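In order of appearance the chains are A, B, C, D and E, and numbering begins at 1 in each one.
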Amino acid sequence: MTDLLIKLIPLFPLLAVILNGFLGRRYSHETAHRLAWGSVGLSFLCTIAVFVEILRTGTSHEVIAYQWIFGGDLTVNLAYLVDPLTCIMLLVVTGVGLLIHIYSVGYMHGESGFTRFFTYMNLFMVSMLLLVMGNNYVVLFIGWEGVGLCSYLLIGYYYDKVSAAKAASKAFVVNRIGDAGFLLAIFLIFVNFKTLDYTKVFAQVGQLSPEMATAIAFCLLIGAVGKSAQLPLYTWLPNAMEGPTPVSALIHAATMVTAGVYMIVRNHAIFDLSPTVMTIVAVIGGLTALFAATIGLVQTDIKRVLAYSTVSQLGYMFLGCGIGAYTAAIFHLMTHAFFKALLFLTAGSVIHALSGEQDIRKMGGLSSKIPWTHRLFLIGTIAIAGIPPLAGFWSKDEILAHAFTHHHYLLYAVAAVGALLTSFYMFRLMYLTFYGASRMDHHTEEHVHESPMVMVGPLMVLGVLSILGGFLGFPPEHGWLHQFLAPVAGLGGEHDVSTGLVLMLMMIATGIALLGWALAHYFYSVNLSAPDRLAAKFQAGYKILLNKYYVDELYDLVWVEPIKQLGRLLDWFDRTVIDGLVHSVARLADLAAAGSTWAEKYLIYGGLNVIGYGNHLAARQWRQLQSGMVHHYAAVIVAGIFLLAVIIQLIMQL
Amino acid sequence: MTFELTMSPSDLLLFLPEILVTSWLCFILIIDFSFPRLPNEQLAYFSIAGLVGTLGCLAWFDFAGITGALFGNMFVLDRMALFFKMLIVGSAILIILVSIDYIHRFKVFRGEYYFLIVMATLGMMFMASANDLLSLFITLEFSSLGFYVLIAYLREDMASNEAGIKFFILGIFAAALLAYGISLVFGETGKLVFSDMKMAQATPGLAIGFLLIFAALGFKIGAVPFHSWIPDTYHGAPTPVTAFLSIAPKVAALAILLRMFLVALATFKPIWVLLIVAVSVLSMTYGNIVAIAQKNIKRLLAYSGIAQIGNVLIGLATGTKMGSDAMLFYLLTYLFANLGAFAIVIAVSEAIGSEEIDDYSGLGRRSPFLAFSMLIFLLSLAGVPPLAGFIGKLYIFIAAIKEGLYVLITVGLINIVISMYYYLIVVKKMYVNEPRDRSPLKISGPIKVVVYICLAGTLAIGIYPQPVTDWVVSAILVFSNVADPTASLPIPPAVIPLGG
Amino acid sequence: MLEELASTFPILTCILFLPVIGAVVLWLFDDEDMVRTSALAIALVELALCVFVLWRFIPESAAMQFSEHVPWIPALGVSYHLAVDGISVLFVGLTAFLAVLIIIYSWDTVRHQVKLYMMALLALETTTMGVFISIDLILFFVFWELMLIPSYFLIKLWGGGAERHHAALKFVLYTLLGSVFMLVGIALLDINYHQWATLRHMEPTYSFDLLELLSVPIPLNQQILIFWLLFLGFAFKAPVFPFHTWLPDALLEGPIGMAVVLAGLKLGTFGFIRFSIPLLPDASKSQTVVSIIMALGLAAILYGAIMALVQQDFRRLLAFSSISHLGFVVIGLFALNYQGLQGSLLTMINLGFSTAGLFFIAGFLYSRQQNTQLGSFGGMAKQTPVLASFFLFIGLASIGLPGTSGFVGEFLILLGTFKANWLYGVIAVTGVIFGAAYFLWYYERSMLGPLGKAVKDSISDLHPREIFIATALSVMILWIGLYPAPFLRMMNGSVQALVDRLEHGTVASIEPKQPVRVD
Amino acid sequence: MIPLSAYVAVSAVLFITGLLGVMIRRNFIIVLMSVEIMLNAANINLIAFSHYLESMAGQMVALFIIAIAAGEAAIGLAIIIVVFRGKISTNVDEMNFLKW
Amino acid sequence: MVLVFFAYFALASIAAGVLTVALRHPVHCGLALLALLVHVSGLFILLNAEFLWAVQIIVYAGAILVLYLFVLMLMNLKTDDRYLHSSYLYFLVPAAIGSLYVLTLLLRSPFGGEKGDATTVAILQDGDTHAVGIKMFSEYLLQFEIVGVFLLGAVIGAIVLAKTPKSANREGKA
């Protein structure tokens, strides 16, 4: 029964794909989108059923669909493994996916490629499900590449926009770099274990030499970095925002980009064997978190801000993995899925409301015009900023705490700063978008309207999840989630930590978050009106306010400006150096290709054609022998005889 | 010194084919003189009838295994001789067939044309059985004599005259060389008959003598460096004569070469193998490469003929039975392909009066049949499977590899590629280029017959060569005794590198 | 009833000669539609026969099946020996399949001399079949050479390019150059057999029969000599990296149908796995040979990919990409382990669908824009969505996206190579990245973005016939990609036999029992 | 008694003389004559050998060579007349219409 | 005595040969050839082959040479100033070297073939002519016959080439 359900989970969306893909043109958009979200809903139900089953029995299921690739010592089945980890992922994917599908019905309304959009979305669901459900690396790889393909298709959804097309190709190619690493990892695993099934591999992971473990883990890491947009392969993600907003929400925030984290957690057994790689993971995570956050400070495109924040949040998850807090990583993955999806979708609704405007400098004061969107966005912001008791707080704090209690103080610091920046730029976004005076042009201003129910509905659900989702992991380190994931990810911190410390860390985290908010409030809400108020007030207390201004300027001088500078610098670095690198690689390819074209034309071609040319030449020369004069002929004969005579004499030594 | 000559009727039987042809020769002459108004077709068919009869007689001999030797082995009639005679007579028949329409170009003496053809045939038949130096000289000149006249037969055509005179000068020049060579060999051995010669060690006189003889025979088969008459003569001569020249004398001369090298010179194999290798390499390379630059189809075929002889000589260079089998087989395939090609050349020049390759443009449209047959023949010459030519080349190469003549093989194979190049040039003209006028060509009956015969031969041998291979294998049995080189002579060092 | 029919009926001979006989029959018709229809009918019957063979084929067995053996030239030991085993059986099906598609494609794209075209095409099919099912090396060589003639005419008479004469000549001469050396190699094999046979008083004393030759040990140095001779023949045909220059010309100048055959049917690499490796296992194993060929293969992968990156003409791009793919096949073959061989074999089949499919796409583009230059495309996805989607799908298959046929083969090859030598594996994997790059960039520039200037607004999307072709290919691609089991089962037995053969070498093969000659 | 080698020397010298004649003379008839010289050289050899080797074969060959020479002379001169009719010249090196 | 004769005949024939090749006027060459033939026949006498001597004088000097002279007269050729090829030096030099080479080779050669039955005694017993006759009609009968046909062919050929029949003229005019 359960096995059947498990088999059904990816089957429903596949069915939808086939129907919409081939017959989509035949029937109306309504039918198409009903099929689409209906199928996802069905697999969501199946997931629930399976989940309950697992909760009841606590056993993990392995289901073999059919034998896929085999021969010699290699056997790869198309098979599923459903254990707690998969369950969580399944719930996230199908759940959030369902909501986003429903949302899209409203958002994509009236688009020309409506059916195409849903076909791709369902195709994505299929691949993502394969990714999380596969019981061996090859199936994982199918999903891995499949989601890449779908992200390609969906980023390039507006394919007649050059930027979209380019972004799509870039995403796919950069992903491929990661995939190459992943492939190598798979090969290494096969060479070492003679199998590719998780269970068998992890069973005999013991006899792996540290070096080999490092190699495998490192190759896996390359794959993860590519997929999850970590340093240095994160460049594609911001560009990916060219796609429709629901796509950004589903693929580039909630599910696909977290595949790397899932993969690391799935293989933690291998990673645990290699401290080196663990450190690398942690460092990459930390740096990315900080790095992306700093960039986020200066972005003006609403979706790009969110994109960078996604990168930075993923950094947190990597950090979690790197320091061995796998549960925390998954926990954050889940909560992040909730609130980031919420943020993106609300942003989408904002854009929808402003009929396509994405620049926050042209927004402001929307809170009154689109209240629901505003509220939900606020929830999301608070959640991501890590203010208790919303979801983001618990997961992020757990990672931070884990870092601290396990004495990764430097990483802790980095993460903390990241957290501060996160809350700062999120609230900055909040203020610029919803509060203050409107900076819109009138035309758009008139058309501002709240989104339809079909969009707001899912947003509300997500809002609720963003608020309550955190309690799945409450109390920290010992929450329900930890118990549930224990068989897969192992319990994070075995050694007990004094409750006081935990509380203190929570305090700090909260403080950081609020500090960020305060700063944002100060710069983008209060200080705007300060000068003229000061001018109007009486001279008394002037100094203090002035001092206040000192502080202000001091802050400005000491913090904001440098950070802004740093942000710009990094932004520049991002745009110039890293893209530049990609470009220069392209240049190099051009050069090499040009070179080889030359070689093609002149060396190889000429070399092989020398026969032909040589013949023509020889033909033209040698035919002169046939002079047409008889006595020449006679001479030729005589000469020939002499020649042969000489030969013979040489042989016979006469 | 007393007179002893003992001949029984059974001995005379061995001469039956030659006697038939000789008598037919006289009949032709008599009829031609007595009925001047007789249309030459009938004379042609008359002479064909005689030759067919001869062919039948030869076939009967071969079937019944009637063989023997006369005049102290000066005249041998073994199965090899029979094979070669059949080749010669067969080609003569085909030639007369293709000539029937060509004849009208001769203003006078149309009857004598057939006479001369048949006479040359007779000479070459004797050549095929010649087993001594004297017969060699006489029959060689005998067979040339006919050609001296035939080549210059278009008396008003300067090209024909020039070809005739060139061939004549070089011919008698070669004859002189031959005579001198014979004299030297006779001086060294005191014998004329190949099988009687007992040569202990190689002396300069012997070497030079046989070298001169080889030169004369090489002249006949047109192997480099004795090839120089070939292109001009082929170009100038009446096309049927060219066709005849391109196959029959080569066959006859090769028969003598086989006897000379495998019987008389068996002991000196390591030396002459080297000689043949050199000549063969030269012929193949020169022929193929110069052929590329040709504009006239007859010259092209001339050069390709030189190259083909180079291939045949590979078989001789092996000096084994298998090599000889391969030679015979190859000659048969060459006969069909080459005569077929020439038949088409005649047909085309009858229709459009030109032999330039450019004028073959669009032949594929104007006469699909001719173009297709030409394609088949050229591909067979180039050795493309499954046509006869391929099997022939394969046979020869295997024989050569067995002897380890890798250098020769490599040259030969590269030459196959080169030859493909110029054969394809002709094919391109026929099928790709646009014809100047699209009017379809009309082909006369006899030529059609010849083309059909050659086509059938080329395809049949290619697809089912079994009977032919059996035939040649049995034909060469004479040499099974000398198949392996006698180890008496120490192999000189110069041979080893060539041996690969 | 069906049993003895299947056992006695000379079905391979029918498969072999049906097309050429059909070609002769076509000669009788004058009405062009009549010609087309009957050609299609012949091709379909042929396909049916092949499907029958595939159906009756016993999987998981190394036996030579449907064997037909009659002596042809006993004097030289040449015999008429046809058979299929796990290595060749799939190619038979593939050839018939592609032939049908080509004829359908040519239905209205070939306008002049339709009859000749169809005849040449059918003749080509026969010769190709012959190459795949001949067990006797001379027979194989015969068909190998015969292929040149129809190919020559197809390129020359129906090619689109201005340089087609040159291209055709180049193609023929290069292949010929290679194959003459191959002929020497074959003859050497025969001589070697002859010496062995005469020593043992075995009958026949000469033989070109693969199975006979397999029973004879060959000294290593001679094996290596023969190997290189054969290598030249196959490498020129395949074409392996430095010998490839005829390919872009032939594919660019020749007609699409020819291009499909040239790029879709990997005769050269088939030669390796059919003859070189089983006959000369020790040479194939020897260090120098392997490293040289591996180097060539890897060079081909990267070289082809980099070249493809900058091509402006789609057919040239395809030419180089197929050179790159051939690099994969070659390294897979000479990984000399199970996955490598299996993967290469499967990839050869896949390319028959994906690369050939892309050439059909090129044909569709050609029939719309009269060339395949990048300049004449751009943003066509708007005008021709169906074309664009098939283009994308087949293209992704050719760059080995999981779920398509390309992935299975490529994965196995890479895995095998990695097993053989991790360094080769790592280098080869980089080719995967390039593959994505060149295809997607070309796709982006030709299909996506705003509508190109050269693109007519009246440009039409695929019509049913073209859709049929594309769909048929896509179905096969998906089938192999998602459920390759039937195909793998067919080849497993023979591949296993090959691996054993490689392990033992010829020295162990003195005893009569052979892994490969189970029949 | 004259040594055999003396005859061989004489014949060789004559032979080479004839050879040169063939190669250097322009006049066609003289070329023919040179060939006759070569044949005579051969005859000297043959007869000398047949004398010293005490075998008639040599003489017979010489006899036949003379006969053949006669026949060929007839043909050759006939050809010359034909050509001479065509163009009033007997210079072989003016006949190179056919070449290459 | 014999030696003197031999020396004379040898030197004379060589000289005649050289003259034949070297003289300008074709008729002079013809006469030089005549001298050559006569002196060579002298050598034949010394080798007591008198039948061959007779044949040489009658057939060669009598028939063939007369034919040559006849043709020369027929065409009454002028002596042309360039009677040698422009490029004859290219032939002379290597030919001279080559000839020396051949000469040395030949003189080093033994020519010791095995003896036959025709000893000088046997021949002188009833004459060279008798011996030749016997051989001709016993051993060499076949060749004799062949040469017969050959001469027939020669006659026909000569006619075919040289004769100008009426028909040809008519067609030529028409």
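In this section, contacts are C-beta pairs under 8 Å (C-beta built on N, C-alpha and C of every residue); 3 or more make two chains touch, one makes a residue touch a chain.
Bear in mind that the values here come from a model prediction, so they are computed numbers and not experimental data.
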* Hey, what chains does subunit A share as contacts with subunit C? -> B
* To do: Name the most central chain, where centre means the mean of Cα atoms.
  => C
* **Pair of chains whose C-beta contact count is the highest in the structure** => D-E
* Chain whose mean Cα position lies farthest from subunit C -> E
* Structure fact -> Distance in whole angstrom between the CA centres of subunit C and subunit E is 71
* Asked: Where the centres are mean C-alpha positions, what is the separation of subunit A from subunit B, in Å?
  -> 81
* Between subunit C and subunit D, what's the gap in Å when you average each chain's C-alpha atoms? -> 66
* **Gap in Å, rounded to a whole number, between the CA centres of subunit C and subunit B** => 43
* For subunit D, residues contacting two or more additional chains -> 8, 18-19, 22-25, 31-32, 43, 48-50, 53, 55, 57, 60, 64, 68, 71-72, 75, 79-80, 82, 92-93, 95, 97-100
* **Per-residue multi-chain contacts in subunit C, two or more chains** => 173, 177
* Which positions in subunit A touch two or more other chains at once? -> 611-612, 623, 626, 628-631, 634-635, 638-639, 645, 649, 654
* Structure fact -> In contact, pair by pair, are chains A-B, A-C, A-D, A-E, B-C, B-D, B-E, D-E
* Residues of subunit E touching subunit D in their complex? -> 2-3, 6, 10, 13-14, 17-18, 20-21, 26, 29-30, 33, 36-37, 40, 43-44, 46-49, 51-52, 55-56, 59-60, 63-64, 67-68, 71-72, 74-75, 77, 80, 82-85, 88, 91-92, 95, 99, 102-103, 106-107, 109, 111, 113-120, 123, 128, 131-132, 135-136, 139-140, 143, 147, 150-151, 153-155, 157-158, 161-162
* So in the complex, which bits of subunit E are touching subunit B? -> 102, 105-106, 108-118, 122-123, 125-126, 130-131, 134, 137-143, 146-147, 149-150, 153-154, 156-157, 159-161, 165, 167-168, 171-172
* **subunit A contact footprint on subunit D (complex, rising order)** => 19, 22-25, 31, 92-93, 95-100
* **Residue numbers on subunit B that touch subunit D, as the complex places them** => 133-134, 137-138, 141, 145, 148-149, 152, 155-156, 158-159, 161-166, 168-169, 172-173, 175-177, 179-180, 182-184, 186-187, 190-192, 231-232, 235-236, 293, 299
* Contacting residues of subunit A [partner subunit E, same complex] -> 629, 631, 635, 638-639, 642, 645, 649, 654
